[in-house]
Amino acid sequence: MNTPNSHITKIMHREPQQASTRLELINICKSYNLLRANDQIHLKVHAGQIHAILGENGAGKSTLMKIIYGATKADEGQILWNGKEVKIDSPSTARKLGIGMVYQHFSLFETLTVAENIQLGLDEKIDIKTLNEKIIAVSEQYGLPVDPRREVYSLSVGERQRVEIIRCLLQSPSLIILDEPTSVLTPQAVQQLFKTLKLLASQGVSILYISHKLHEIKELCDEATILRNGKVTGHVSPEENSTSDLARLMIGRELPMYIHDEYLGEKQVLFKVSSLNQPTDDPFGVALENISLNLKAGEIFGIAGISGNGQAELLSLISGEKITTNGSIYLEGQNVGKISAGARRDLGLGFVPEERLGRGAVPNMTLSENALLTAFRQSLTKFGLINFEKTKLFAEKCIEKFSVKASGAQAEARSLSGGNLQKFIVGREILQQPKVLIISQPTWGVDVGASMFIRQTLIDLSRQGVAILVISEELEELFEISDYICVLAAGKLSEPMQTRSTNAEQIGLLMSGITSVAHTVDLAHSQQVQA
Amino acid sequence: MYLLEPREKPSRVMKWLSPVIALSAMLVVSSLLFLMLGLDPARALYIFFVEPLTSLYNLSELTIKASPLILIALGLAIGFRAKLFNIGAEGQLTIGAIFGGGIAILFHDHTGWWILPLMVVMGAIGGAFWGLIPAFLKTHFNAEETLTTLMMNYVALFVLLYLVNGPWRDPDGMNFPQSVMFNESATLPFVIEGTRVNASIFITFLALVIFWIFIKKSMSAYKLEVSGQAPMAAKYAGFSSKKAVWLSLGLSGFMAGIAGLCEVAGPIGQLNPNISPGYGYAAIIVAYLGRLNPIGIVLSGFLMALLYLGGEMAQMELQLSVAITGIFQGLLLFFLLASDVLIEKRYRFAKKKLKPRMSETDPTVA
Amino acid sequence: MSIEVTAILAGTIAAATPLVFAGLGELVAERTGVINLGVEGMMLVGAIAGFAFAAQYEASVASALLVGALAGMLMSLIFAFFTLSLSTNQSACGLALTIFGIGISAFIGQNYVSTALPGLQNLNIPVLSDIPLIGPILFQQNYVVYLSILAFIFVWWVLAKTHLGLLLKAVGEAPESAHAMGYNVLGIRYCAVLFGGAMAGIGGAFLSTVYTPMWIENMVAGRGWIAIALVVFAAWKPARLMLGAYLFGGVTILQFHAQTLGLSIPNELLSALPYVATIVVLVVISRDKKLLKLNFPASLGKTFTP
C-alpha cells in the first residue's frame, strides 16, 4: 500500500538558478505514541516560490506545519533556514526568523476589534492609532480590505481570514504558511487570494500552501510536495502533472467513482420547509429569511455554502433542537415545526450533525451507550429501564454493517478515529430506518476510505426511497452525490438547480451574489475579478 | 507553572484510590495543624477518628449523623451527574423541616398514627418546593442555579428564624427562640434499644435501594448523565434540558426535605435555629467523595459523620472549637478534587517546557 | 425626615464598600476566565486576620487592611494552585475554599469574640462636606470608603485603557489562542486571582475593623456570595458593578431603618431582603442574553490546559 521512498518521483520543471533555498527540512520524523505522523520528510522551499503541501486528511500535513511553526518539536531531523541550521522551539522563535502562519481555524478574539487582535499578536509595541494606519496601508497594498475598528464577531469568515493574513504580513515574514485557506472562501474570493499570494511571491516571499484541492494547486503553485501516511510520495511540478497523477500520489489510487443507480419509485415530497423566517437574538448569529425547500424520496438535496451563513440555525430548526413558529416544517405532511427533536425522530427524521464528539456522540461513553443516544426508541428500553443486552446487539450490528473499526461495542467513542466514529453515527441513524435523513458536513476530518464509504452509503440509501438533505462546505462532494443543489448565503436560500446542469463557477457566484449590504466589499471585489 | 500531563487512558485504579489519597493528605495536614496548636497529633487524631468508633453508643451516634448526610447526598448525586451545581440543600432541608414541623405544631394536641407519615410527606413537599423555585428560575429565566440555590439557603434561614422567634415560639419556652417540643405521635420512634437511632434509617435505606436501581438502569439517569457530560449531545438527542433541571433540583429538594424533617422529628424534637450543623453543605462533599454512587456515598457519609462526631469529642476533651470540623471538610474536598485529577492526568516529573499548542480546534468536536 | 434620608444614603455608601472591594476583585479574576466561589471564605479570613492583628498589636486600621489583604491573597493562592496548576474544577474548589475559610476563621476567631476595636473616625472633607444634603453623604465617610472609589477607578482604567486590560479580556475569551500567541495564560490568571484574593481580604478586614469593629463568627453573612452575583449583574463591567454595589448597600441599610420608614415587616424577614434582591437581580440580568453574550468571558469556569 505505502509507496517506499525509493519511488519518489522528481519531476522538476526548472530549478530557478538564482533562487536561494529559504527553508529546508531534512529527514524530519515525528511520532505520537505509536503513530508515525511524519516519516523522514524532506522539503525544500525557495525564495519567492509558492510551494504546495498536498495530502489528504491524516497525511501528516498539520504536524509538519506545527514543526515548522514551532508549535511542536520533531523527534529527529534538521531544519535549515537560509542555509543555516536552526532550532525552532516556539512560535515566537519562528516569527523572529521570519516565518508567519495563517491558521485554518482562526485564533481571533471575537469581542475585540481587528486592531486590538493584531496588537496582541505583535511582538513589538505599537499604539492603536499607528496600528490602524499600518493595517489600512497593508490591506490596500495587498487587496485585503478590512476595517481595523470593527469587532471581529461582526466580520464574515472571509474577512477574518484577511485579518489573519494582515497580522502575518505586518511582521514582514519571508515565509508564510497557509493552512487550507480556501475552505472558507467563495470561488471568487479564492481568485482574489491567489492574486495576493502571487504578488507576495513576486516580492520574494516564500509561501507554503497546504491543501487537498488539486485544481487550486495546479492553478497557483510552482511546486508541490505530496504526503501520504506521513511519508513524502513525490516532489512534482503541478503544471506538468494531471490531477489524476496528483491524486494517485496523494491517495494511492484513482479518484473515487460513485455508483449512481436510478431511483425507480415515486418521488413524493417527504419533507417540506415553507417560508421559514427566523430572526436571531444572538449577536454572533445569522437571521434566516424566507427559507423554502422540498425533500423528495429517492433524491439527495445538497445545500452548499460556507459555515456562518445560517447553516447552524437552519439545521437546529429542521432537527428540532430549536422550535419555530415563524414558518412551517412538514414531515410527511404533518406540521412538525413546534415539536421537539425527539418527537421528530419518532416520526422518522434522522439527523447526523457536523460535530461528532460532544454532539453526535458522547466522548467518554462506550459505543453501546452512544447507541442509546438516539436509538433507544428501537425498543431498547422497557418501562423506563434500559435493556443492556439489546443495546449491545444494536451497537454491534451497527459496527458490523458500517465497517466501523473499533475494539467492540465497549470501545469509548473518543478512542475511534474520525472516520470510524462518523461511520458509526451515520450507521446508527440509518439503522433506525428514517424516512428523511439530514446530514451536515458528512466527511469533515474524515479519511478518504471512510469518506467514500459514507458518500456511497448516502447514495444507496436515497435509492431505497429515503429523502436526504446534505449540507456541505465541500463543493466537490455535493457535485459528486447530490441530485439537486442550492446555496445558503447570509440566511437566504437560492433556487435549487439540478446538479448536472450547473457548475462550481455558478454556485460560487451564488455564494457571493446573495450577500447582505455588509458584505458588499466582497461583492465589489468578486465583480472586479469577474470583469 | 503547570504540573500535569494527560494520560493515554484514564486510570481505573485512581478512581478508587483517589479518595484514599485525599483522606491521607487530610490526615497529614490535620496532624500538622494539631502540632501547631500544641497538641499531641496522635492523641488528637485518635479522639477525632478512632474514639467515635469505640463503643456501640458512639456507633449509634455515628449512624444518626450519617443517615441524613447519606439521604441528602443521594439526592444531590443525581443532580451532580447532570453537572447541575445545587448548593441549596441546606435551605431545602430547612424548609422541609419547617413544613413537616409545622404539622407537628399544628396538631400538637392530637395523637394518631397518621401524623408522622404526614409530616414526612410535607417535609418532602417543602424541600422539593424549595428546590423547584431555583429550577423555575433556571428554566424560565436562564438564571444559574449555583447562586440562586445558595441565596435560597439564606432566605430559608431567615424564615426559620422568623418563625421560631415569632408565631411558632413556644409560649412556655421562657422566651427562647424555639417551638414546642413535638409530642410522641410527631416523633420518630427509636429502633435500637439504648440508642437514639430512629426509624429514619429505614427511609434512608429505602432511598438507597431506589437510587441504585435508578442510577444503574433507568433511562432518566442516562439522560441526566448525557446532559452533564455533553450538553450539545443531549440537545441533539432531544433530551429536554428543562426536564433535567426540574428532576434534579426537585428530587434533591425532596430528599433534603425528608432529611430535614427527620432531624427535627428525631434527635432535635422541635424547631429551633440550629437544626443543621451544615449538613446541606457537607452532603455535597459526601456526594463527591462517594463518586456519586450508592456504596461510595454510604462510606463517605459515615466518614463525614465521623468528622462531625470527632469534632464534638474534640470539643469536650481538648477544648477545640467545633469549627475545626469545617476546616477538615474543606481540606478533604480540596485534596479530593486534586487527587481526582490524577485519574485523567499525571504529575509531570520531567520539567520540560510545554509547547504552546496550535489554536486549531478540531471541527469535529463541539 | 431628611436626617433619616441622609443617614440612609450615607449608610448605603459605607455598606456597599465591602461589596465594592470583593466585587472588583472577583470581576478581574472572572475576566481572565476564572470563577472563584471562595470569596465568602476569603473575606472571612481577611476579616479575622485583620481583626486579630489589630487586636493583638494594637495596630492601625491601615495595617489591619494590609494584613487582611495578605490573608486573602494566601487563600486565593491555595485556590489558584489547585485550579490552575492542578486543573481541578473551579466551582467545586471555590466551595471548598469557602467551607475551609468559614472553619478556619471561626477557629481562630474564638479567642476574639469579646474583643472590641476602636474603629475609624469619619473624615470631614473641608468645604465639600458643607454642601447641603450631599455634603454629609458623600464627603463625611471614612478613608477606606474613598480607597474603594480609587480602587474602582484603577480597575476601570486598567481594563478599559491599557494593554494589560486587553490581554485580560483576551485570556478570558480564548486562553488557547492567547497561549498560542505566546502569552503566559496561567501566569496572568494567577495574578488576577491573587488580586481578587487581596481585594476580598480588604473587604473582609474593613467589615471587622471599621464597619462593625468586632468579630462574630460568620460575620460576612453571605456578602461574598452577593459580590459574585454582582459581577454577573455588572456584565463584567466595573461601572455597573459599582451601581449594583450601591443598590445593595441600600437594600442592606434599609432593614435598619424600616421602622422609622413605617414598614412593619418582621426583622428577620427584612434581613432576608438582600438575598432575595440578589435572586431578583440574577434573574433580571440572565434574561438579557445579548448583553451577557457580548461580555461574558467565554472561558469562564473551564479548565485550561497549556
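The letters A, B and C name the chains in turn, as written, and every chain counts its residues from 1.
Keep in mind that, in the parts below, a contact is a pair of C-beta atoms (placed from the backbone, for glycine too) under 8 Å apart; a residue touches a chain by one contact, two chains touch by 3 or more.
What you are looking at is a predicted structure, and each value in this text was computed from that prediction instead of being measured.
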Contact-richer chain pair [A-C vs B-C]: B-C
Per Cα centroids, the chain farthest from chain C: A
Rounded Å distance between chain A and chain C, as computed from the means of their C-alpha atoms: 46
Rounded Å distance, chain B centre to chain C centre (Cα mean): 28
Chain A: positions in contact with at least two other chains: 71, 90-91, 107
For chain B, residues that touch 2 or more chains besides their own: 356-359, 361
Shared interface positions of chain C, touching two or more other chains: 174, 176-177, 180-182, 289
Residue ranges of chain A touching chain B (in the complex, touch as defined): 33, 62, 66, 69-73, 89-91, 103-107, 179, 319-321, 340-345, 351, 353-365, 369, 372-374, 376, 381, 384-386, 418, 422, 441, 444-445
Contacting residues of chain A [partner chain C, same complex]: 71, 90-92, 107-112, 116, 119-121, 125, 153, 281-284
List of chain B residues in touch with chain A within their complex: 8, 213, 217-220, 222, 226, 229-230, 232-233, 235-240, 353, 355-366
Residue ranges of chain B in contact with chain C within the complex: 1-4, 6, 85, 87, 137, 141-144, 146-148, 150-152, 154-155, 158-159, 161-162, 165-166, 281, 284-285, 288, 321, 323-331, 333-334, 337-338, 340-341, 345, 354, 356-359, 361
Chain C residues within the chain A interface of the complex: 163, 166-167, 169-170, 173-174, 176-178, 180-183, 289-290, 293-295, 298
